[in-house]
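Pasting the structures in now, so scroll down.
Both complexes below contain subunit A, partnered by subunit B and then by subunit C.
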Partner chain A sequence: MFPTQDEISAWLPDLLGGLSISLQVTAFSLLIGIPLGLLLALGVLARSRWLQVISLFLVEIGRGAPALVLLQFIYFGLPTTGLTLGSFSAAIIALAWNTGAYTSEIIRASLQSVAHGQREAAEALGLNRFDELRYVLLPQGLRVALPALLGFSILIFQGTSLCFTIALPELVSRAYEIGSTTFRYFPALLAAGVLYAAISIPAALLVSHVEKRAGLYAQR
Partner chain B sequence: MDGAILCLPDDDWQRGGVQPAMMPASTDALIRLKTLSKHYGSHTVLDGIDLDVRSGEVLAIIGPSGSGKSTLLRCINYLEPPDGGTITIGSMTIDAARPVARAELSGLRRRVGMVFQSFNLFPHMSVLRNVSLAQERVLGRGRAEAEERSMQLLKRVGLADKATQFPVRCSGGQQQRIAIARSLALDPEIMLFDEPTSALDPELGLEVLAVMRELAETGMTMIVVTHEMGFAENVSDTVMIMADGHIVEKGPSKEIMRNPQQERTKRFLRAVHDR
Partner chain C sequence: MNAADLLPLLRGLTWTVALTAGAFFIGAVLGVPLLAARRSRLWLLRFMAMSVIQIVRAIPPILWLFIIFFGLGMGVMPISPFNAALMGLGLIAAANLAEIYRGAVASIHFGQWEAAAALDLGRWSTFRDIVAPQAFRVALPSAASYLIGLMKETAVASTIGVAELAYQGNQLSQLTFRGLEVFALVGLFYVLLSLPISWLSRVADGYLRAKVAR
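Take a look at the complex of A and B:
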């Protein structure tokens, strides 16, 4: 039931290669998705009706559609419109969209949690809206958002396993491949699970550490 | 030298910049409100307020809660946009009945500083940065110049040693003095104070009142919404009583505080003294 020592050493290079791809997809999805989330949050909060509608549309699809559906749609659906993407790009686009949609709500709520008096003080000092956002609202709002954003990042890392369905050679695909050639599915998937945990658990500990520090800020 | 820091910037804009036709003949009002009104739904908060404040005048606004004092103050710098009437500051007139351009709004806010009941310092910035940020972003001062000016002002309010600290490490009274320095750093012509000592215990309130008194002595034009009757009587030149969105009575501070004419004023002052 458990992988043997020999199996582990035979599979490890392959599994680590898969893990590396999972981490790359996670990194790119977050690097694109979180700034997108910020833009969408600002769009939803914008005064312009027009910007609001577009942002809400993107957010609601990104949140409403399961990540698996987005992946399938972009990888298998878009080629029918003539746009063909590799599985790596398709994975990043789908997960970045998903990240953007979810984090926009986290960021929006955090921005709105900044005390009303902060905005008034910025206005009374004559700061324009951009400076108000840059110097007053974002630094305070993002601090509130940080633990939730990190928590979401762990979910996205785990969500990269869905890319198995679009033939991306990430961690689960590699484990599945090993299983299909050796018929040792359970040990192979177990090994993959351990690798996921090896990243997720320390990351979760980091999140709770950051959470505590963010709380301390109020009493600094 | 201290006076030079706090004193008004050159006031030639008031004289040179104003077209004679717009200049009221009888007064040298720096702020003139005409039939200023504000409603929340069907509730009238300000009911056609007419008010002149001279350059260098210190006006205390007192009155019961819900009388519209704070709303009036917040309408003057458009934190609450009024629904009707006009606000004239020096040569600049804003008509509340039409939409206000952003440039007008920033022009207004450059001239008018505001101090809040709850200080509203930026908690994620050092005290020094609190005072220098808007100088850099609004007035376009360089960082060195802004910080030098900030240090002068912090020294002025007795808090130069707090410059590198964060606001949360300062007492309420210190925070309010920093907030005053932050406002003064933009060289406003008028300072609005919205119950600046109401969130402070009496002793901490005193240190803030001392700074305000000094500011008044340098000739700053000030409008102060307050429950501090001592300040109203002794520091301000003029006292105005508001109730239900109206001005009940307005006049020289000693006269109003000692010998009010209106029954509503007498009732309010009696309630204050009986506490």
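Take a look at the complex of A and C:
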């Protein structure tokens, strides 16, 4: 049932290599996705009708369709238009889109949670729209958004497991491959599960700690 | 792509709905004992429930399905793809719904428990008659948005060969070489499926709110 000592030492380099790819995809998706989320949030809040419609469309598709379908749409669907992507870049584009759509809602809510008087004060001081955002809204809004953004980051880390379906050699693919060559599916998949848990559980505890601290700040 | 191509997608749709409803039902039922253990007076039980919830949520759904379908299916006893998906997603739903229940119960004012104690109601009847009806109302919107999330999560069942929407889309795109349209259509179907759920949740919420509004 459980992997033996020898198996663990034989599999570990392979599994850790997969984990490192999962983490890279997570990092790139967040690095592209969260700024995209900010842009989409600003787009939804913008005065221009066109910007609103385009941003809402991107957000609703990114949130409404399962991440797996986005992934397959980009990896298997786009090549029919002549645009072929490697599995690594397709994974990052799909997950960054997913991240952007979800975080735009988080960021929009947090920007709207900043007291209205703050905006009026910024206007009274003659700050332009960009400075108002940069110095007044974002520093206060992002503090509210932080716990939710961190929580979503854990979900994206788990979401990288979907890249199994587009043949990216990440953690689940490696474990599945070990399973299919040795026919020791359960121990190999269990080992991958332990690696996921080893990152997700401390991260979840950290998020709940940050949440409590942010709550304390809000109470003051 | 013509109308005949749509048939497999519609067949996939029914499997998606069946899987979502089944997993949500399992989760909604199993979530109750998990909640009870999570709020138990015995610290060991509390700790165990918390560990189960954390571990279930720490491992991605696709890996749960693989552990059940390939791990248990090949090693312990053969299991059909649909049952494996139902077990895996039901387990995940139970952990998530237990957390939603817990949040809802925690939101009920402490005075309600005190008043029930003053009326000499037992722990069980306090929960059943006083706390649960109020907590249900609080939990409903989060449970509905979780249901939508779960519906999208069922797409991972395509990886173990359940013939649901994403699986049919995959097959159809290989058959017709028109991945762009097929996957766009599949995505649209998921969005369309989520609309009645959010509509029902809003109606139910409005109805329950009207009942307590004074």
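Assume the second predicted complex is superposed on the first by the 216 of 220 C-alpha atoms of A that agree within 3 Å, B and C clash if a C-alpha of one lies under 4 Å from a C-alpha of the other, contacts with A are read in each partner's own complex, and residues count from 1 in each chain.
Just so we're on the same page, a residue touches a chain if its C-beta (ideal position, glycine included) is under 8 Å from a C-beta of that chain, and two chains touch if they have at least 3 such contacts.
Every value quoted in this text rests on a predicted model; they were computed, and no experiment measured them.
Using the contact criterion defined above for the overlaid structures, shared-chain residue A:28 touches neither subunit B nor subunit C, since it reaches no partner. Once the two complexes are laid over each other on the shared chain, residue contacts for A:183 go to subunit C alone; subunit B is not touched.
By the document's definition of touching, neither partner reaches A:88: not subunit B, not subunit C.
Touched residues of subunit A were counted for both subunit B and subunit C, and C has more of them.
Once the two complexes are overlaid on the shared chain, A:131 sits against subunit B while remaining clear of subunit C.
Contacts of A:76 after superposition on the shared chain: subunit C is touched, whereas subunit B is not.
Judged by the document's definition of touching, no subunit A residue lies at the interface with subunit B and also at the interface with subunit C.
Within the complex formed with subunit A, the residues of subunit C that make contact are 54-55, 57-63, 66-67, 70-72, 74-75, 152-153, 155-156, 158-159, 166, 169-170, 173, 177-180, 182-184, 186-188, 190-191, 194.
Put simply, subunit A touches subunit C in their complex at residues 1, 60-61, 64-70, 72-73, 76-81, 158-159, 161-162, 164-165, 172, 175-176, 179, 183, 185-186, 189-190, 192-193, 196-197, 200-201, 204. Across the complex, subunit A is touched by residues 77, 79, 102, 106, 109-110, 113-114, 116, 118, 120-124, 133-134, 137-138, 166, 168-169, 179, 182-183, 186 of subunit B. In the complex of the two chains, the subunit A residues touching subunit B come out as 115, 117-118, 120-121, 123-128, 131, 135-136, 139-140, 143, 217-220.
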